[in-house]
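Next come two complexes, and both contain subunit A; in the first it sits with subunit B, in the second with subunit C.
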Partner chain A sequence: MAIVAIAIQVTGAGHRRAELILVAGLEGVVPLAVAMAALTIVVRENCRELHLSLPTPHLVTIGRRLGVLGAITVAACVVYAAVAVVAGFRVGPGGGVLVWIAPTLWLAGFAALVAAISRSTVLASSAVALVWLGELFWAQTFVDNAGLRPLFLFFTTRLGDSPGWAGNRVGLLAGGLVFLVATAAVLLRPERLLTEEDA
Partner chain B sequence: MHIEITDLRRRFGRVTALDGVDLTVSNGMFGLLGTNGAGKTTLMRILAGVLPATSGRAVVGDHDLSTRAGRVAVQRRLGYLPQDVGLYPDLTPTEFLDYIGLLKGLDDRAARCRQIGELLELVGLSAEAGRKLKGFSGGMRRRVGIAQALLGDPTLLIVDEPTVGLDPEERIRFRTLLSSLAGNRTVLLSTHIVEDVAQTCRQTAVLAGGRVLFTGAVTDLTARADGVTWEIITPGPPPTEGVVVSAIARADGTHYRVVSPRPPAPDAVLVSPSLEEGYVALMRSATPTPVG
Partner chain C sequence: MTALLAVARYEFRMQARKRSLWISAVLLGGALVVLQGERGPHHLPLDTPAREVVGTWALLFSILMPLAYGMLLADRLVRDRKLRVEPLLESLPHAPATRLAGKFLGGVAACGLPGLAALLIAVATELPKRHDPALIGWALVAFAVVTLPGIAMVAGFALVCPTLVSVPLFRVLFVGYWFWGNMLAPGLLPSLTGTLLTPIGDYAATWLLGNGATALFAGTPGILPFLRPDPTAATAAASVAVIVLFGLIPLAVAAFLAHRNARQTWPAKA
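Right after this comes the complex of A and B.
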């Protein structure tokens, strides 16, 4: 994304356009990639039954894996944003942390919850893709509707840090935390984790 | 490690997998026999703390499995080999055992590494320690599975259908390994292969329809077929009376062994039963309904 943005600027397409692409990378692509990785962590486990028999709770194991994913995401996004800022681009208020962390937490939390409930990679990834594409295609509806605005993933890309941005970020963060807590509640029930054949 | 199970029940929706199981298990090898769907795996999972019971009581050592503290205490002393152990194909046995060791709370790295080396030696996989698991045969994977179960030197070992899908040589090897591990441990072996129990266990229980049909010494189960096991040698078709347990074709005709309360043919001869025939006699005397 950064390479594309720099290439656009080099071809003379404009600084503002390149900046928009950089923000879209943080706000649009990162959440989708992290959500797909999160649902894979929750669903795909070769040794699920063995894990459930170990003294370390399986929820803790999944939490650690999601923690590693989170750490990698933070490191990658901070480096991305830092490089962009050094190159003279603005990636959002406060160095752009809330630009990516809020939608990423929301979409990853949603992905983890659907994955935990459905126990299906296909179903969970389809649901995530549907939500992501839905928000992309009906972006104006989310912008216009006050009730949907806190759920809008691409606020910064569409409207910058205009009024309502902070509320949108808080809404996404709160939603993401609720999803993660609900995921933990589902994962605490072992019979939810074993397949029909297992149970 | 003593196990005391009282009126244990487990339901999955409308299906009753365990329907009032009472069982006592002491040190040594204990075989849990039953058809597919008898409730063996559900019982194993409850004892391993994987699933909670719907009602009833299971006490392992001094620990009640209905409490979280009790489950964790048992899991600290448990080695569990599920029917499908899974494994991570891109790890080597050493890496896999190291990971499971950490999750078992073996925090001392040097001690953990030493134990992993000893266990790989025990299960005959030292030479394969650096190979990725994706290239392993079914028998080798089971051996990695038993090695992980033995990490932390558990006093209770639960193995669920460990010999299914193994070739005869691997099956015998695995049975011998399990027997050698019993020592001062409690080894709970769940299987539907009667031969595995006959070769390794002194005590056994038979589950059908989520209930215990029999519990006691293997010799007592064998004795269930005393006086009802017959041999017939005939060149003709198998007898229609009773259950034909084996049929071996020889020069003088086919030797049928039949479990039947009445002589299945006029020239049938009473013979000493095997454990398999005892199991068949027991199952014939009960009317189980298979459940999940």
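Right after this comes the complex of A and C.
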């Protein structure tokens, strides 16, 4: 997305459009990428039986892996946003932290929960794709409906920081935390994850 | 030929029995049926021609259902490597291209099952209202020109690309591509939406509608204007051919590389 934004800026197609692409990269692409990685972390494990025999609970192992994913995401997004700001672009209120962290937490939490319940990367990645594309496809419905607005992942890209932005971000953060707690509850019985092959 | 059919049949049976294929297809197809809105096929007037009704259903299902097929097929070749059976398969007398082609054909056939089932179920719900048996015939036509070419293109890339990038990265790129290359209006950003290369079946669906309107963006001005002719029966046929051929490109490249690797490594093994 950064390359696309640079290309748009260089070709003179407009500073505002390049800025929009940069924000879309943070708010749209990052959550999708992190969600796909998160569901893979939960489902894919070649030595699950070995992990279950160790004193460290399997939930902690998966939590640490998700933590590493989160740390990498934070580092990459902070660098991305900093470079964009230095280049003269505005990536959202407060340096754009909530632009990416809220939808990322929500979608990654959702992906992890579906993966933990279904034990299937195919099903979990299809569900993530459905939510991500569905929110893009029916964006206006999410904007117009007060009940759906806290679940809208692309608020900044679509409406900027207009009224309702903070509520949307809080809603996404809260939803993401609920998903992660639910995932942890499912993973407290890690033997459920045992399977011969991805179904 | 026997080896090709054997691989295709085995692959087909293995994929068609996967619960995740059917659950994902029901999830994605069902979401579209529920959320189709007033422009959806369910709201077409009763005197709408059968081909238009079926064309609208086929387009509706091809918006999201191919995502499930891409997710499913993404680990087919990687899995052979992960399970360490790839060298064993390479030692078999048939060429690597045969195995690739068999996996492709079997995968396409298995993914075609839920696609065909969705269309036939949609027609079954329309028949009592419209009393037009032509719906069944048009459903088969729509499956052949809208659904199947898209599956072929998705299958070609989903089988080969994850061997070059990782499976999770392929899935991210695939979802992003599906929006960018099929649904993003060409006026917003340069995209492949509305070209002959659109695997969603825009041109074929526009031909099926037959009412002068475009299904989505077929022929809308944008980048690569030579890929955006006016939607007609001829350009719809060209689109089907281009989509299928485009899906075969990664397979051809993978087959060539596998053949070259086999020629290079075989003497060393001996």
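The definition used in the following text is that the second predicted complex is superposed on the first by the 194 of 199 C-alpha atoms of A that agree within 3 Å, B and C clash if a C-alpha of one lies under 4 Å from a C-alpha of the other, contacts with A are read in each partner's own complex, and residues count from 1 in each chain.
Operating definition for what follows: contacts are C-beta pairs under 8 Å (C-beta built on N, C-alpha and C of every residue); 3 or more make two chains touch, one makes a residue touch a chain.
These numbers come from a predicted model, not from an experiment.
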- Message: Should subunit B and subunit C be called a clash or a fit once both complexes are overlaid on subunit A?
- Response: fit
- Counting only touches as set out at the top, which of subunit B and subunit C does A:T61 meet: first, second, both, neither? first
- Should A:P190 be classified as contacting the first partner (subunit B), the second (subunit C), both, or neither? first
- Task: Using the touch definition from the top, say if A:L32 reaches subunit B (first), subunit C (second), both or neither.
- Result: second
- Note on the structure: Reported in degrees to the nearest 10, the CA-centre angle with subunit A in the middle and subunit B, subunit C at the ends is 80
- Task: State whether subunit B or subunit C is in contact with more residues of subunit A in the superposed arrangement.
- Result: C
- If you stack the two complexes on chain A, which partner ends up touching A:P163: first (subunit B), second (subunit C), both, or neither? neither
- Message: Per the contact definition in the header, classify A:L133: touching subunit B only (first), subunit C only (second), both, or neither.
- Response: second
- Query: Between subunit B (first) and subunit C (second), which does A:G147 come into contact with in this model arrangement: first, second, both, or neither?
  - Reply: neither
- Task: Look at A:L50 in the shared chain and tell me whether it touches subunit B only, subunit C only, both, or neither; answer first, second, both or neither.
- Result: first
- Task: In the superposition described above, what is the shortest C-alpha distance between subunit B and subunit C in Å? Please give a whole number.
- Result: 7
- Task: Pick out the shared contact residues on subunit A: the ones touching subunit B in one complex and subunit C in the other.
- Result: 198-199
- Note on the structure: In their shared complex, subunit A is touched by residues of subunit B numbered 12, 45, 48-52, 72, 75-76, 78, 80, 82, 84-89, 100, 103-105, 148, 292
- Would you pull the subunit A residues touching subunit C in the complex into a rising list? 4, 21, 29, 32-33, 36-37, 40, 118, 120-123, 125-130, 132-134, 136-138, 198-199
- Contact footprint of subunit B on subunit A as seen in their complex: 45-56, 61, 190-191, 194, 198-199
- Task: Name, in rising order, each residue of subunit C that touches subunit A in their complex.
- Result: 18-21, 23-24, 27-28, 31, 35, 63-64, 67-68, 71-72, 75, 167-169, 171-172, 175-176, 178-179, 183, 189
